[in-house]
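Both complexes below contain chain A, partnered by chain B and then by chain C.
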Partner chain A sequence: MTTLTKNTILPPSTHAFADVIHRLEAGGSMLPDTPENLMQIIGIYKAYAVPMDFYWRDLLYIAERVFLNPLRFFKYFLPQEYLDFPNHYAGETADLRIWRGEASAHPELLEFIEKGNTTKMPKLFHHLWHDRINMEFAEACMQAMLWHGRDMGMGKFDAYLDTEEYKANADKAIRAYFKGNPPMLALYKLFPDLFLEQVKELSYYSNLGLFWEVMAPVFFEMSDIYDEGGFKGVPDAMNFLVNGIFAIAGRPIYHHVYIGDECFEIIPKSKGFTWLYEAALPYVEAVFYRTAPFRGTKSYNAQAKQVPEEQKDFHYGILYADVFPVGTAGIPPTLLMDDMLHFLPPYLIEYYQKHCRGEDDMLVQLGITFQRSMYNVTSAVIQALRTALLYPLDDPNPRHLAKNRQFFEAQMDRFLRPEARLKDIQTDRYR
Partner chain B sequence: MLSLLLILPVIGALVIGFFPGNIQAKQLRQITELFAVLTLVWSLLILFKFDINNSQLQFQEYLPWIPQLGLNYSLGVDGLSLPLVILNSLLTGVAIYSIGPNIDRSRLYYALILLINAGISGALLSQNLLLFIIFYELELIPFYLMIAIWGGEKRGYASMKFLLYTAFSGLLVLAAFLGISLLGGSYSFDYNPQVTQTFTDSAQTILLILILLGFGIKIPLVPLHTWLPDAYTEASPAVAILLGGILAKLGAYGIIRFGLQLFPQTWAQFAPVLAIIGTVTVLYGALSAIAQKDIKRMVAYSSIGHMGYILVAAAAGTELSVLGAVAQMVSHGLILALLFHLVGIVERKAGTRDLNVLNGLMNPIRGLPLTSALLITGGMASAGIPGLVGFAAEFIVFQGSFTTFPIPTLLCILASGLTAVYFVILLNRTCFGKLDNQRAYYPKVLASEMLPALVLTAIIFFLGVQPNYLVQWTQTTTNEMIAQIPHSSPAVEQLAQGAVTLPQP
Partner chain C sequence: MPNIVEIAVANDQFSTLVTAVTAAGLVDVLQSPGPFTVFAPTDAAFAKLPPGTITTLVQNIPQLARILTYHVVPGKFTQADLSHLSSIDSVEGSPITIDCTEAFEVKNATVIMADIEADNGIIHVIDNVILMG
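Moving on to the complex of A and B:
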């Protein structure tokens, strides 16, 4: 076990989540440090990373190749080229080798694409039989980032989408893409914003694809380290994430489009958009905290006022989600839970079989595990932000420690809403 | 032929009760089910051999037993009792599976279920008044024990109340039968509608009142109903199914068989009053059900309401309405059994019956989705949604009784709407909504627990779209029965013209 040293300089916090704050100040995670929690979160990282390996490849494929195709019937049919596409953070050719495994698509993913849950048959039949990866979930995450991007005021990526420079780049690509297609060109002439907005969305496809290109190898590596006995507790797993975040923070975020043999740089790498500020933080805010109200949980009736008027008050992300109705109509995370179900490591399946309804409600059990693991990821982001913006945890200066505490308390304030699951994940009764 | 229906379950009860050795509760259940299925198969055999064009008793058996008392072992079945005999065998099979596999004192429990089955079959089949009384009273003991031993929290109170009420009911019926026998001048208690025709009017009136009170307790009719909510609520699901599905039918059967058939003239004079009592019962049941906070109590009150239709139909005394009464008995037996079975599952899994606590059971993974889906089907069947058996039966009742008693019938139709109200309340609070994350770690429902509900639902659907199979057995018998009733009673006509105003509920 990692030993956490409690600071004795400051008086105890009086916050409702004082225990969690003290743990964060001691270098811990929002998720309690128990072997069971560690086993669960690492297992689910593994199960999450395999579909994620598909998500990022397909997101980039759509952003770069499918582009403005008005009839995107086959956008989830990944060509071999994108399955072989080397991940920049795995394998021999890596820019920075995070995962020691192969850079091409994960073997379990390839096996699932080939056989699915049924048997070997053409990709189209797998798709029609819904024996596939639920890419719609990745697109929903992208849309959450796109839609909240305007409001969050983080980074410069979203602001750049409104500049003349971006419009000029997009214009070139749109014209090139529809060359020799007069109806579409006429449509573009009539309604220039129609395709421009589409391109903005595609830029977010690229953004999220590039974000997940990093997370997939990180989660694979964490799973491998755990299997080797490398992690001693939840804080270790969190610290690995913190270190990973800093190691990758500077990777470029861009949007390139390939039309024919030509590459159009809609958002060139030279703009200097970086992973941490333009992808990771907006993603955490948009997907973990905000997203959109579930159709099956909240009424969008404007008179009922169930959905907040301000986007900043949205609280429907995984940190707040009610996982019990997973599998019901109108609950989007079901898509992701179903994806992860195919790739659970054996120790996690065995663990689920021993609890609740065993095999029957695995979808909900893994959903709750996923929620725990995302609290750990969020802890890593909070610790990383604290490292970047404030003071070290072992700072001897009480004023600096007070600043740290202020930061942690402000973060925990967001979980004071009754929907937040922070309190639930503190016990193992919640499963 | 018919005796086997009595003998089989009794043998079964003896085997289960006294077979030496230590048998697991699970195996005991299988043995019990075996006997129940054998009985069901045998009763179906009788069903297929039954001649639907013959209005007389069929498969008669006659053995002198104690001639000094006029007690003869005389069995027979006609279109009135046959559907109920089948229902009895079917519901016994359902009841065996409607409680979990692990049960205390399982031997006694399963033996009693089979004894109840034999007793009810006996009462339905017996063509001797004294024999009927014997079986009727015999039901008391096993039911009392089953409520008192395996019941809920207030089982002592509920079972004692049940015992007192029904014992009193038995006494009233016995008094009426003794009267019939004495006035008839013969010492034989054999069932014979001709004898009673010769009685004076006042004698007929008194005897009919005794019979109405006696069976009215069992049905139950409104002022005599107070044992029911307690008994049904405190009983285990199996007992509730048998109580509501069959024992209540025994009361309705008794009223038609011994009231309508033995005293047709007097019945016609009583009819308007009976129609009013029936209507009050229907409305009272529906309005009380709306007020309940406990799902089992809701279903119990719904049972009171639905039994009221039978009295209205029987009072109307047209060919169609009496046919509807029998159809309603069968339909209500099936629907009530389904509802009690499902409510039993909900209670066992969720650990509560409180409307304010239950929620979100439709959740496909953590809830009880199949149970909820069938509960909705059962609720719709009970509320008379077309395509399910409840509609077929209720429509025949309404159609049949409207010509005779238009206002009571209209009020019954109104109550049918109220049925939909309280079932929507029930379904809305239990099946819809979201699960409570603190307590929703319900165990899963086993396939063996769902099987009886699926069978019942299939039958409810089938009879809903093919109601012919529900009524064809009964038609000739009831037509024959109605031919005896004089239809020009002044009171009936008065009511038909709306001259009699009904008390507003």
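Moving on to the complex of A and C:
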């Protein structure tokens, strides 16, 4: 385990989560530092990274090539070109090499695309038999970002989608795409916003694809480092994420569309949009904290007032989710849990077999592990924000330390509501 | 009197900043009449950034330019002017918080040398690279 040094300058916090705050102040994670926790979160990062390697490629494929196709039957059928597409942060050709592995699609993913859980057969049959990656999950995350849009994070992405400049760029691409298709062009003339809204959604496909293009190699590398015995504890794993966030913070977020041989820059790289502000922070807010109420747990009945009126009060992200009903109707994360199930490392399968109902409830067990791991990722985001906007943990100035404390307390306030799982993940009885 | 760029070039603790400003193509802007108030991070401030951050930014010039323009405020503001304010809008568009209660602090950086007069504005030297948000 990593040893953490406690600050002795400030008096102890009186917050309900004082223990967690003191741990954060000592450079730790919201997730307690135990070897079991470390093993779980790294194992699940690996299992998550493989489907994520598919998600980001397909999201970019849809944003760049499928574009406004009104009949998107084959949008989940990735062409070879996108499977070979070199990840910008892995392999020999990387802009900044995060994962030492290869830049094209992960071998385990390619094997799954070929054989699935059944046997080798044409892609279409795998799809119809539902022996495939649940790409709908990635789209649901994208929609959460689109719908929560404007007031999240500190980014300028969503505001740009409403500018005349964006509309003009989109207009050019829409006309080029439907060139030689008079009915669609006539429809566009009648209802221009119908298509513009679609393009905005596609810009979010691109945004999320570019976000995950970074996270997949980060998780692969963490898994490799762990296998080599490189992480001493949970804080090490968190710090690797913090460094990754900073290293990639300035990567551009853009939306390019390819029609025929031509590239249309709907959101050009020159707008200066960055991975940290325009993708990562909005993603964390939209997906980790907010999303939308699960159809299977909340009533959307307006009289029942179960769903908040204001989007900022939404609390249905993974940090609040009740994972126990995973696998039943109306619980969207089931899609992701099922995807991760195919790629679990052997040590995690062995671990689940020894607990609860063994093989039978593995989906629920891995879901809870995933929740722990996302608390660690969120801790990394909180520490990264503290590093970027506030003060070092060993700052000698008590006024600076008090500001750090205030920031940590404000972050923990979001977990005071009863649905939050922060309290649960503090013990290993929650599984 | 020398302008903002000339002062930075002449001072060897701004070599990273000068390289970055040159790479981002902002030299002409900072040599224009302005006036501007520039919060200039020293080489030591840039060195505090985690590894990789600068590599990625140098590969992506518009993104680098955005971070740099966050360090620039339109108009000429001395420490005395800024001490009356709680925040001021940068050229990038996001506000920079100002705190003069104990020391002269902008965002999470402390000004280590204030009020360096230039022909087209004023420079305050800071000990941290500041970031939006």
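Quick note on the criterion: the second predicted complex is superposed on the first by the 429 of 431 C-alpha atoms of A that agree within 3 Å, B and C clash if a C-alpha of one lies under 4 Å from a C-alpha of the other, contacts with A are read in each partner's own complex, and residues count from 1 in each chain.
Assume contacts are C-beta pairs under 8 Å (C-beta built on N, C-alpha and C of every residue); 3 or more make two chains touch, one makes a residue touch a chain.
The model shown is predicted, which means the values in this text are computed figures rather than measured ones.
By the touch criterion stated above, A:424 is placed in contact with chain B alone, chain C being left untouched. By the touch criterion defined above, A:349 reaches neither chain B nor chain C. Contact with chain C, but none with chain B, is seen for A:270 once the two complexes are overlaid on the shared chain. In the superposed three-chain model, the partner touching more residues of chain A is C, compared with the other of chain B and chain C. When the two structures are aligned on the shared chain, A:361 is found in touch with chain B, with no touch to chain C. Residue contacts after overlaying the shared chain place A:297 against chain B, while chain C stays out of touching range.
Residue contacts after overlaying the shared chain place A:249 against chain C, while chain B stays out of touching range. With both structures placed on the common chain, the touch criterion links A:326 to chain B but leaves chain C unconnected.
Put simply, chain B touches chain A in their complex at residues 360, 362-366, 434-435, 437, 440-441, 443-444. Remark: chain A residues 297, 322, 324-328, 356-357, 360-361, 363-364, 424, 430 touch chain B in the complex. Looking at the complex, you find that chain A touches chain C at residues 95-96, 154, 156, 242-243, 246-252, 269-274, 277, 281, 385, 387-391, 399-400. On chain C, the positions that touch chain A within their shared complex are 49-53, 55-57, 59-60, 62-67, 93-94, 102, 107-108, 131-133.
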